[in-house]
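Should a chain be cited, it is by its letter among A, B, C and D, assigned in written order, with residues numbered from 1 in that chain.
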Amino acid sequence: MNPIDQLAKIFKEFPGIGERQAKRFVYFLLHKNPIYVKELGDSILALKNSITLCPSCFLFFQGNKDDLCTTCQNTATDKSLLLIVEKDADFESVKKSKTYNGMYFILGGLVPIVTKETPSFVRTKELLKTIEERATKNNLTEVVLALSLSPQGENTDMYLREIINPLQTKYSFRVVSLGRGLSTGTELEYSDSETIKNALQNRS
Amino acid sequence: MNPIDQLAKIFKEFPGIGERQAKRFVYFLLHKNPIYVKELGDSILALKNSITLCPSCFLFFQGNKDDLCTTCQNTATDKSLLLIVEKDADFESVKKSKTYNGMYFILGGLVPIVTKETPSFVRTKELLKTIEERATKNNLTEVVLALSLSPQGENTDMYLREIINPLQTKYSFRVVSLGRGLSTGTELEYSDSETIKNALQNRS
Amino acid sequence: MNPIDQLAKIFKEFPGIGERQAKRFVYFLLHKNPIYVKELGDSILALKNSITLCPSCFLFFQGNKDDLCTTCQNTATDKSLLLIVEKDADFESVKKSKTYNGMYFILGGLVPIVTKETPSFVRTKELLKTIEERATKNNLTEVVLALSLSPQGENTDMYLREIINPLQTKYSFRVVSLGRGLSTGTELEYSDSETIKNALQNRS
Amino acid sequence: MNPIDQLAKIFKEFPGIGERQAKRFVYFLLHKNPIYVKELGDSILALKNSITLCPSCFLFFQGNKDDLCTTCQNTATDKSLLLIVEKDADFESVKKSKTYNGMYFILGGLVPIVTKETPSFVRTKELLKTIEERATKNNLTEVVLALSLSPQGENTDMYLREIINPLQTKYSFRVVSLGRGLSTGTELEYSDSETIKNALQNRS
């Protein structure tokens, strides 16, 4: 395979990228000035070296191995709260809303409905260990399950409540989920019964 | 104008219908059997005679002038609750969710943000009169504002709270709005800060 | 069923209209002034009476039974040419292009690929009769097959050529199809090989 | 800026990639195994070294500086034909159709309608030089303008015919454009008059 097709093949694995767009990426690079292309190649090669996984919340961030991320390090972070999200992008969305000041935990994935086994990239063991530590050291008062409102997200919510339950009984913290109801842009006319039911139950 | 173009012109006023689809409707009717076409024409001409506006909640329904609609007539309907929606389609969505058993009020439209004046089709006077009656006769305990989560919907929510306020003070009922948070299908990654803020505040 | 749901059910049969939009049409009519609604109902009921099928080209047009349509009546129409289209909307597109001055024939539908039998609404018998008449009376020189470039359109093109062949041999007129190549908006990058092949073969 | 945001910023310049997808690309790489990431980075850095521009047709291809591309080298290529395309992706589409066996010329871009000056990336000088060479050495018989059927494509077609004209007079080769008419998927009902006009004129 020639270098154009070979690079296109690699780009084709990118999320949401098909054969045609992968090819366009290569032609785009061929036409770009060498400085841009070098910066891109160097940045990609350097990425894994400069980015590390926070050993406490499992967020990717710029730092050395075993460093804690900014949020985990910050003494202003409320250590009695722990919010669980599926992935880094979800963490960013919650962070951007500026309404939560506690600790985070990146689960790494959702628990599928169909299979009995939880995939290895879902950090359930690490989560239980983290909760136990927080409960012992930081007087944990609340665990917030912040998962998407999809079938898999709801399944993960139920599953996590189940495995957290023994610790909850032992240390008596609250386990809550994100509130449900109308979200920005929701039109009543086009809403499903589940959303309206939640919106009615949570009226205030 | 020939009858084909003339009918297409009328169909073009239908919500969401452009010139081309209006024309397709006419050709569709030309190809349909005469029984279907007659039934359509007759049903349209009969519509306004057989459908009336409920004088209590302003819902369109099948009945004679001055009749009450099924919900308003029903003795099982909880008369201490009043839920305000923008339009008939919203009423249907709430009804379908089977979680609300009180009275309804069809406002007829939303209050625009830019203009000072409320449009004539928004039934604010009728609303205040209805609330006063319910408060006097039916021991009204709660008014639910069930409007879409759009800029106009939020503006209408605020406006209604303002004009209802004197009656609320006089008769001391609650005024609440639909709950906010994640709705079916909401993915955290793509959620705006407002939705996440609401979901965090209403966590439970 | 109440009149609202009943009318919605009829609208649901309209091409491209789902349950929700059918309902919106009814509410739209309920809110419209009675004059508009009456005009719509009357126009629909009058449609089949004022519109007739041209016995020569099978176009729907305003006229009395057995009248010829404007094009067929027009002495300026070139009677030595006959262009075959699938449906009235295709006739309109060709008419609007103002490059063809001959006679038309509305086939009424396409010949499906999978079945052996031609559906009854495809006017093949009438077509052969029309061609024979034109060949005898009007010195027919060319038959133009003007069908969409879809699998069914191409199948119909082949099928018509086959059944026309005996008459073509007998009366020696030309049978041609619309030219193929780039159409407005075609980008080479996104073109299939068939289109490029046609565009190359028909280069000039 | 941290390495995640920095790389996302570079990806954001990719054609058709917004801020959110750029970020997803970075997270995708963070989750991918190091071998994939290294291969990607290395391929990008090596791209400009292994790929060169054919000095004859200006196609990007794998080779050393001053090498000719496969098509230009191939003795089976018909040197009396020259087909002009806008860009490499268009070259690939034509190549894939397997109906053209002549030489190519990659123009590098289209001639905009509004400006008087032709952008520097449009290789008009190189084109004239190439045509002159072919006419002298290879007995050039036909120049094929293979541009997209967009306003800019048509403008470029006209512009090229104008500047090629003196050479055409001198060496008497044909200048043709791709054929026009129905392209795959074209439905008559939705076709513009220009397309139908072309399809009628090129009927056969």
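The definition used in the following text is that a contact is a pair of C-beta atoms (placed from the backbone, for glycine too) under 8 Å apart; a residue touches a chain by one contact, two chains touch by 3 or more.
Everything quoted here is computed from the prediction, not taken from an experiment.
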Classification of the subunit A:subunit B interface as same or different, half of numbers criterion: same
Chain whose Cα centroid lies at the greatest distance from that of subunit C: A
CA centroid of subunit B to CA centroid of subunit D, Å: 55
Length of the line joining the C-alpha centres of subunit C and subunit D, rounded to whole Å: 38
Set of subunit B residues in contact with two or more other chains: 87, 89, 190
Of all residues in subunit D, those that touch subunit A in their complex: 2-4, 6-7, 10, 13-16, 21, 23-30, 32, 34, 36-48, 50-51, 60-62, 87-89, 92
Residues of subunit D defined as touching subunit C within the complex: 85-87, 89-90, 93-94, 96-100, 144, 146-150, 176-204
